[in-house]
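Okay, so subunit A shows up in both of these, paired with subunit B first and subunit C after.
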Partner chain A sequence: MNAIPDSNIFAATNAVAWPLGGGGTFRHPQASASAVALAFGDPAGVQASFQARYRGFGSGAPSAAVNPDWKALPSSRADPHAEVFDRLIDLKVSTATIAMHLQDAWRTGLFRQLDDLLDEENWHPGDTLPTPDSFRTFLRLVIMLGRPPRPGLGCTDSGNILASWRRTEDRLTIECRLDDELRWVLSRRLLGETESAAGICKVKNLRSRLAPYEPEVWFVAHDKHSRP
Partner chain B sequence: MNYPHPPIVEAAIEFRFAGSGNQNDLEAATKKLRSAYPRLEEARPVLVTVQMANAPRASSLSPPPAIRKMTSADGADIVMLQPDSVAAARLAPYRDWEDLEGKFRKNLGAARAIVKKRRLARIGVRFINRIDVAQDELGSFNHRDYLKLGDNLMPLEDAPVLGLMFSVTSLLDRGRFGVIINCGKVDSPLVDHAGLLLDIEVFNQANLPVTDADIWVQVTEIRSWKNRLFEASITDRARAMFQ
Partner chain C sequence: MPTTNIPDPDHLLRHVKSRLVDRDPQTGAAIGLLPQAFELTPDERGLSASWLEFFGDPASAQPAAAMAEFAAVYDVRKNDRFACGAVGDIKAACGRFNLKVRVVHDGDGHPSHASVRRFGGASLELLDLLAAEAWAEIVAPTSAALQISKVRAKAR
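Our next item is the complex of A and B:
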């Protein structure tokens, strides 16, 4: 008889792992906070703990890159590029947060681009690698845009992801910053004249900011494989 | 039911074994799995005990063992190792049960330093789902459109629920299996959406099967219970979102 419920399987993502069964042993390193909140009947605390724990996953990087509970052990490849390799995997793990909303071909193509971006030959010790926070903003941007063709990818010196779309003379580059902030720069040929513009906005406001420039030229897929 | 776009963010199978192994066992298993799961991380749980002045002295507790997480090169498959447990987890996109079970069986073979001839102490299957739901301009939505929860029985007005957390720990099949269900509102990675988390674990930690064949039959049975619970927890509207 399974009379005493034990603790959950340890979630790889830290999504949720409460020791909710009475008498269960705490196997999760973060378990104590929510357990205390439960014991003292603090529903707000429990809800906050629930959110906080899930955010650890929702940020797209449950790994040592952003989660202090996990410590990266030396890579199997004991070389100076180990950090680059680990970051590449971290960003792919982040993609899992939205992978259910992507077509497989789009995800595979994105991974190929990440492989190129984080090609070990292009990075030197001390370089700032693309950050998980910036990549999270990028993923939210991609889903918010609905079905954009896959953009070109780059990275700023500060580790922010750059996404760029180009259609003949029309160009759009977006820097993905922390907390959904975007910095965008565009050049667009309209009614025989070339216009340039730049701005900073949140992901949710990007469409309205770009509306005067008819952004469909960048965001409407031109082939079936580029749709997410 | 197999959905083309399941909301699964993590699916896991875990075996725990009676009698803990040691650090050497963990190292040996890690080494065997390293080529398939090159990203290696470790968490060391901290054990805190409080001794009350007047209480009888508790027996000393050993600190919880380290937990190792190993991730595949594409970031989608994960192995969790402890001196007394082996787990396989699959993040999104979830393929199918056969893929998950196949990888788990392979991991068990590679982690035989931990498995050895130990008796099984627990079988668990856990699926964590996140249903991303559009919110209106006020940031609200009706979770009852997607989930069937006990709050339907409560004398609440039919108004948006701002916070949601729901948990059930119970038994199935006249006590043969245990179940832990956690459900709650969480952030969604999608703009202007909320996430409804539905986390279901079915396990057995009593009267476990002994033979290999019986063990895998029971794993399938546990999976079947997990599916029944999931289907019973969601509405047709939610179901339509996964098609």
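Our next item is the complex of A and C:
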């Protein structure tokens, strides 16, 4: 990873601050400045997108000179697009807290998937956003699995993250729930027969539950781009 | 509106939001559907879809007509997909999990609306089977459906 100047980190944290808090000094509860820098591989780009969305709030302290109406602007929570964007940032910052476990390419790929999942052009207004609790379970799952290839990402109606791995006919889908709970379903071709199974377990028990189905088919990277 | 059973050779088209489409993690291309695309929400009586043969011949024009009708009532986004399956295949898949479903046309919400009834006890394995085999053909929304949805959203 390239070193990011402190000024950029400061700008990124400030950029996060105004949409979320509307004033004061922002400190994400789970993120240090360096974690935020890790979350935003391109702080300048992130800052630019914030500035485009929240004119006058992008850098430095908000002031009447920058935007005379800033006090009258609605909070981001009142704007569904801003709410989706805020959640995207929350999830990226959460990822940054475990960045030391992930290779840059894996993390960048995950961020691209999150961008797609929470793309405002495709997100249906009123749908439940992916919950931070579910996403934390997803991150713990990734760490527990060691070095799994990056899964496909989805989201249930209740905001739980879905992770899916496919290898020809073999497929595994895991719903990440609150408090490390996983709801999984698989279909696996073994010895010429297709078997299916489903279950609910904690993250720490997943490997033993999947062991009879030889889960390496999903969890061993098959190309250099998918290794974490 | 009275309900009628839909014949086994006929087809259902179900709208699937982008977040329930299975995508290639490298390219982002749609490669299938996630099982939860077929999960009932708490307020759903049956699994909703459009009955393709409701639109008559030619068969090749039915999906576009069904999407346009759906988009006039509900939001359709570019990365959403529609899942197509034959009624007989869907019933057979449910039967493998001892679920004796009824597939009916009821016109509820839009004229071609169909519903898979008695689906309440569907297991996650059944949802996976539907997503991977019985109801697995995916179709991208037509540009006409997207346009109709946009116009409707602007008018709101």
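As a working rule, the second predicted complex is superposed on the first by the 148 of 228 C-alpha atoms of A that agree within 3 Å, B and C clash if a C-alpha of one lies under 4 Å from a C-alpha of the other, contacts with A are read in each partner's own complex, and residues count from 1 in each chain.
By definition in this document, a residue touches a chain if its C-beta (ideal position, glycine included) is under 8 Å from a C-beta of that chain, and two chains touch if they have at least 3 such contacts.
In this text the structure is predicted, and so the values were computed from the model without any measurement.
Asks: Please indicate which partner A:T156 is in contact with in the superposed arrangement: first for subunit B, second for subunit C, both, or neither.
Replies: Touch partner of A:T156: subunit C, not subunit B.
Asks: Who does A:L191 touch here: subunit B (first), subunit C (second), both, or neither?
Replies: A:L191 sits against neither subunit B nor subunit C.
Asks: In the superposed arrangement, does subunit B or subunit C reach more residues of subunit A?
Replies: B
Asks: Pick one for A:E121: touches subunit B only (first), subunit C only (second), both, or neither.
Replies: In the superposition, A:E121 contacts subunit C only.
Asks: So in the superposed three-chain picture, is A:M144 touching just subunit B, just subunit C, both, or none of them (first/second/both/neither)?
Replies: first
Asks: Quick check on the superposed pair: does A:K204 touch subunit B, subunit C, both, or neither? Answer first, second, both or neither.
Replies: A:K204 contacts subunit B only, not subunit C.
Asks: Pick one for A:R166: touches subunit B only (first), subunit C only (second), both, or neither.
Replies: Touch partner of A:R166: subunit C, not subunit B.
Asks: Using the touch definition from the top, list the residues of subunit A that touch subunit C in their complex.
Replies: Answer in residue numbers: 109, 112-113, 116-117, 119, 121-125, 127, 149-157, 162, 164, 166, 171, 173, 175, 183, 185-187, 196-198, 225-226.
Asks: Give the list of subunit A residues in touch with subunit B in this complex.
Replies: For subunit A paired with subunit B, touching residues are 1-3, 5-6, 8-13, 15-16, 18, 20-22, 25-29, 32, 43-44, 46-47, 50-51, 54-55, 57-58, 60, 63-64, 69-77, 85-86, 89-102, 104, 107, 111, 136, 139-140, 143-144, 180, 203-204.
Asks: Within their complex, state which residues of subunit C touch subunit A.
Replies: 17-26, 28, 31-32, 34-36, 39, 41, 75, 77-80, 123-125, 127-129, 132
Asks: Can you name the residues of subunit B that touch subunit A in the complex?
Replies: On the subunit B side, the touching residues are 5-10, 12, 14, 34-35, 38-46, 48, 64, 67-69, 71, 73-76, 78, 80, 82, 87, 89, 91-94, 122, 124-126, 128, 130, 132, 163, 165, 167, 169-171, 175-180, 182, 184, 186-192, 195, 197, 199, 201, 203-207.
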